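Structures are listed in the sections that come next.
Note that chain A is present in both complexes that follow, paired respectively with chain B and with chain C.
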Partner chain A sequence: MKFLNITTLWQKLVSPWRPESNREAGSGIVANFLLHWFPNRISVRSLAFSASFYLGTITFVILLALTVTGVVLMFLYVPSVERAYWSIKDLDHAVSFGWLLRRLHRISAHLMVALVFLHMFRVFLTGSYKAGEIVRSARPFNWVLGVTLLVLTLLLSFTGYLLPWDQLAFWAITVGTNIAAAVPVVGEKTRQFLLGGTVIGQPTLIRFYVLHCALLPLALFAVAAWHMWRIRKDGGLAIVEQDRQEALVRKPAEPKKSKTYSVLGIASGTTVQVNDPTTLNEDNSVPSTPFLTIRILVVSLLTLAISIGLSLVVRAPLEAAANPEVTPNPAKAPWYFLGLQEMVGYSALMGGVIIPTVVVLGLMLIPFLDREQKGIGIWFTDGPGRRWAAFGVLYGLVTTCGCLAIALLAPMRDIFPTIESQFFFDLVNPATFLLLLFAGMYFLVLKKTSSTRYAAIATFCAFIVAFVLLTYTGTALRGPNWDFFWPWQAWPSHPMAL
Partner chain B sequence: MIKKISQREILLVLIGAVLILAVAVAAIVFDSEPEWKYYQSEFRAVVAENIADIDPATLPSGIQQIWVEKLDRVDRCTTCHLGIGWKGLENVEQPWTTHPMPEIFGDHPIEEFGCTVCHGGQGFALTENDAHGFVEHWEEPLLSDIAASEYDPRKPPPLYEIQCNYCHRYERSTEGMPYINNAKEFVRTKGCKICHVINGDGGKMGPNLTHEGDKHAEGFDFSNLVSDQLTVFNWHIKHFQSPPTIVPGSIMPEMNFQSHEAQALAMLVMSWRNDEDLPRAYLPGVELKDELTPEEIERDRRIREGDGAFFVEHSCFVCHSVKAYDLFSPTDKGPDLSLAPDDVRARFNKTVEEFLFDPTGTMKIILESQIVLSDEEKWEAVEKIMKAYDIVKNRAAEKAADTEGGS
Partner chain C sequence: MASTDTTNGAVQISTGGDSVQTRRGFLGRLTGAVVALGALVASWPLLRSLVPNVLYEPPKRFRIGTPESFQEGVTFLEEHRIFLFRESSSFHAISGVCTHLGCTVKFSPFMTPQEETVRQLTYRALGEFQCPCHGSKFRGEGTNFAGPAPRPLMCFQVELSPATGELVVDTATEVARDFRLVV
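Presenting the complex of A and B:
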């Protein structure tokens, strides 16, 4: 008897589930709680790797990995200024698999920030924030949810940055919150609210800890669930619009006999004649189980394997214990803020306040500014779109390098040595130039093509290039005293005690 | 019929599963074979070879740690350095050897001091590299000869003396600290305190050096130090040898120090760290006493010398004054012992010696439980009391004679 049980168990484990009919495949979705938010059938187009690169799925898997490692870390971490640093030392040296937990959590956090950006780039460049003409979906709203998720992810990463309580953490948060303090009128108050005082201390640590471990994750999960539910409600990935277009021109199929509606008691009799559902049919779609589920399995496995594999080789740094008396040189914010920090070097008001506000507002407003409905789900919309994207990349490259060159070779204060007003330099500096150049390009392309989509593509591509270049400069090319160093130039060596 | 999943997809799942398995196995292997396990297994062999009557099963195993709460230190050094407190492993190589100075544990029990407070290094860590602390972002590396030979390969300065003097800084000289003792002698003879505040007093010409050892590397200007070694220690050495070379415009005089003398001084100034958080019990030479006026100190000294000292030593003076010896009881509960012969006779009808060897009343309880004297001590007490009695009698006689002569 016992032997028999083992045999059945083994059979269940090894025999693949292969549905013999669409009905069986569909009930595979309905019968499983975890799968029931998947659609019954999925468009072959949206299953294609190139449609999304599965960036949203990967981000979600990484989020799960962060949640699991984060909860375990909460058992081992002590959020007090006396103990925090040493509890991390214990994790690194004495706790079984503590090193893996910390490295995996850290690398996943960086990956998640990067993936959220990449996912946003993909959604923009495929025009997936558009409502579509056939069924007016709420994708524009879902884009706004996505930008909210981006901000929440950055806040989560930023609050987590402080927790190890080492020099890196302490000074990155110092620099980061000082950027917030550059906001006129309310800046200093905002900074005090974040820190729970005028300097980073125990009140700051406990604030960041609660935000990082409770409030922000709850908010992130709530908005993420909404974000994914909306995808389902909007009919799947935006490329489904192409299926809808084709279904419109397709000759309607012969009506079929169906019993579907009889249960509702709408029609008399036991059968009604209905048209085949318009969008998805046997040719352009497959059952979600197993076609979608197996993809998600593959993506999850590979994501986890790669992030654990990276954790094996990439050490999580831990600098000296936080010391308010000793400022490391250079003191840098977390990497995703270094583009901003680079511009703060030109003007705190422009780089720290105006540009981030313009960027976040601009991102949120994209779907409401660009309402053209062609080429939804297709990379760069069409041929001219690709050319404008290439133009945007080139334009971004030239203008950003130009502004960096001005900042390095001809600082404004050298050009206008007689002017003392800080307000003048807040208005006239390379960051302002870049903002104006990009805004100018948007309107020029718009005028030339009369297409908001092409103008948006060109500007967005230029923005990506500027973001990458500025972040790279702030991260890799800025050394002690925020001096510029080429990658092949060594930084001055760091003195030690002994 | 419906579409079947392609073989390619299933292959991808397999690849993903195998990859997960591979990284998981790698992580488990990485975690389960730390260096210290090797050192512990070797230690069994070392003990078996050198010490006959030890059952290897009783040897410590697993992570060892010394937690010194008062010093806020956790040292896991003894996880590998298992033989530190053992006898008989003197000739064994590191990390299993006996401590080269086992006598140091007499005044510095390992459970109250740990290891890193003297040796430096990263007590939390469990791999050689991390624990010895020659890693980025660890500011207290192991003060070994290897580190010291960077400065003087022929005669490495004993850097650990820096750590010794963290506690021993107020001592004039300390056994086993030749470099620091030498440097302290310089501080006294070369007049450092004319210009600098050191340990709380001195002149104001130069900077206060009381917490010089806490100054971080970032706080030094290395621009005039021509050397491969950009270290605070090297800065101090070169600065002691020629102050104006390192700090242009400095008026600190050049004293022509030899290199080992400059090293000793550099070690001394680096040991001057803020000790506010150090429990007082760890600071030898610091008196934990109430402040006294010079008169009180003089009186204290006097009553501990001469014939009255006996009554202080044996706590008699808690209740009894011995006025003949200028000894005044703070409580004055009992009669003056100088008059004891008369007093005992009057109250108990005994001589002093009879009463001491066979007391009654309160004194019976006290001499049996609180102040237990040997027979010799009792005889000594009798002798001193009789002497005091004589002094009082003589004084009275003199006084009477004076009065008589005067009238």
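Presenting the complex of A and C:
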């Protein structure tokens, strides 16, 4: 029988599909529902791993993994204060593969937060938020959508953090929601609206559950779809601007035969010759199938393999059931908020409200502050860009370490022992110093180079360093009573406390 | 003078001034306003329903036991997050909720109690409070002296129930830090 023909079967298994014409490759994209969001042809430059590290793709694959595991977990989780903790215990011990689902969902959530940050770093450092001069694209707006996605990802992760209803969850949410209360005037009302009462309880759990499982995922998917649709509308990755530049200076080639059809009554014969001025041509682009699709497939499979592999070795912690009467010592927020918690340790208003607001607004405004159009898609723009990046890293290192040293060695209350006004300490503290130092650097570099791009690069690199250092300090160097411990110092095992 | 714009099918009315109003433009703005008003009206019950009118939370005023049942010194009432201090026949209660971000503070006792004057109040200090979340510290009578805590710990009203002779703590009523109930 024919299907037993081993050779044909083997060929079908091992040899990838090789379209015989551009037309066949194109209809491979257009005719397939799953592939229709890819362009017909793709720039060779944007396929390069170093252009994007495929971070956006990886983030989306992780989001899909989170959705699939999350839906299954919804069947197994009960959002009530009596049952929530025990349904998580059941996942770990009584449900077949429950431990795997929970670990995969948790590790993917952490990975997604990290990946969204890395993706943002990549887009910034390659200048991919710029509109471009040849075709004014809406990439600045897409950057704003991206920052919105970052905020939504953090909110999703934060709301999911409460659901296990253990000590870790309960106190991270206590600290997190009390930060909202630090907002002047409307703070306490906002906190009570989030909690659905005056203390964390059943109304809080159901609120966070619905936000985590319905409202925030819907918003995230809607904005993510918009984000990806915009990439197509803007002509692909920003490095395509380089192709556009080249197309602009390219000499009009000899007219070549590119379309063959009958043009009755307009031209004689059955052939017209067209000079193809478009950005993508035979030399600088390839059909999306199979060149892009096979890469995305490989990246997706690797992403899934790595996250499943990680969830086999990294345990999902579950502490004692939530107990409002006992605060664990130290009590810490999720890792990506520990940089903030470190600054909240100086002032709740400055570290918890003002700085996050300034950072999110500042991030959103980047493409509108920096409107220079050179080096789009190229890492650090050019040579001076690389030097200013190095300067920013060094500056961030020195200033952040300096502010940490002030916080540890000379707390403001020791320097000004006679001042009792809380407002004074909300304004004068290491977090404020850091904010002012970074803002000052932006304007100094801007003045020295007259380039918004170099100023932005230096400030952004300093911001990355500060974020990493503060997060590391909050995670690894803070022990019981939020005291400072070097990595080689052991934490006291029996704290002197009632 | 009214003139008809045949290409759009809209009637253009010259008002004589600089602004040119079209019926289509006016209707468009009217539609926008009605939609916005409708969305506002519709969102009010949606959001208002999420602000609770009845709270099923533990009462703010509760009995904690007879005065004799408490030891000399400090007792932490876990359930209510309150530190109850007893000096022979005098009682007072300090909140265990850190005024920074709401963690439960820990009481760290001194080796020996010592006389202390904090903000013109001289008292016998048994120890100090420490918060595990951001390292705030409070004196034995509640005054914050280190870390980010913005205010002193709250002191609550303590009464004696005439009916049962038990101590009653009212966490809805804040009192001065020199408040003492003498039984």
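Just so it is clear, the second predicted complex is superposed on the first by the 456 of 498 C-alpha atoms of A that agree within 3 Å, B and C clash if a C-alpha of one lies under 4 Å from a C-alpha of the other, contacts with A are read in each partner's own complex, and residues count from 1 in each chain.
Convention: a contact is a pair of C-beta atoms (placed from the backbone, for glycine too) under 8 Å apart; a residue touches a chain by one contact, two chains touch by 3 or more.
Since the model is a prediction, treat every value here as computed from it, not as a measurement.
**Student:** Now for A:Lys89: first (chain B), second (chain C), both, or neither, which partner does it touch?
**Tutor:** In the superposition, A:Lys89 touches chain B alone.
**Student:** After superposition on the shared chain, which partner residues are touched by A:Ala25: those of chain B (first), chain C (second), both, or neither?
**Tutor:** first
**Student:** Which holds for A:Thr7: it touches chain B only (first), chain C only (second), both, or neither?
**Tutor:** A:Thr7 sits against neither chain B nor chain C.
**Student:** Which partner does A:Glu325 reach: the first (chain B), the second (chain C), both, or neither?
**Tutor:** both
**Student:** Mind working out whether A:Arg295 is in touch with chain B, chain C, both or neither, as first, second, both or neither?
**Tutor:** First partner only.
**Student:** For A:Gln489, select first, second, both or neither according to whether it touches chain B, chain C, the two together, or no partner.
**Tutor:** neither
**Student:** Using the superposition on chain A described above, determine whether A:Leu304 touches chain B (first), chain C (second), both, or neither.
**Tutor:** In the superposed model, A:Leu304 contacts chain B only, not chain C.
**Student:** From the superposed pair, tell me which chain A residues show up as contacts to chain B and also as contacts to chain C.
**Tutor:** 325-329, 495-498
**Student:** Which of the residues in chain A end up touching chain B in this complex?
**Tutor:** Interface residues on the chain A side: 16, 18-22, 25, 86, 89-90, 92-94, 96-97, 99-100, 166-167, 286-287, 290-291, 294-295, 297-298, 300-302, 304-306, 308-309, 311-312, 317-320, 323, 325-329, 493-498.
**Student:** In the complex formed with chain C, which residues of chain A make contact?
**Tutor:** Contacts found on chain A: 171, 174-175, 178-179, 193, 196-199, 201-203, 207, 324-331, 341, 344-348, 411, 413, 422, 425-426, 480-483, 495-498.
**Student:** Chain A touches which residues of chain C in the complex?
**Tutor:** Checking each residue of chain C against chain A gives 50-52, 55-57, 74, 76, 78-79, 81, 100-109, 130-135, 145-148, 150-151.
**Student:** Would you mind writing out the residues of chain B in touch with chain A in their complex?
**Tutor:** Touch list, chain B to chain A: 1-5, 9-10, 12-13, 15-17, 19-20, 22-24, 26-27, 30-31, 63, 74, 76, 124-127, 130, 136-141, 143, 147, 159, 216-220, 222, 230-233, 235, 270.
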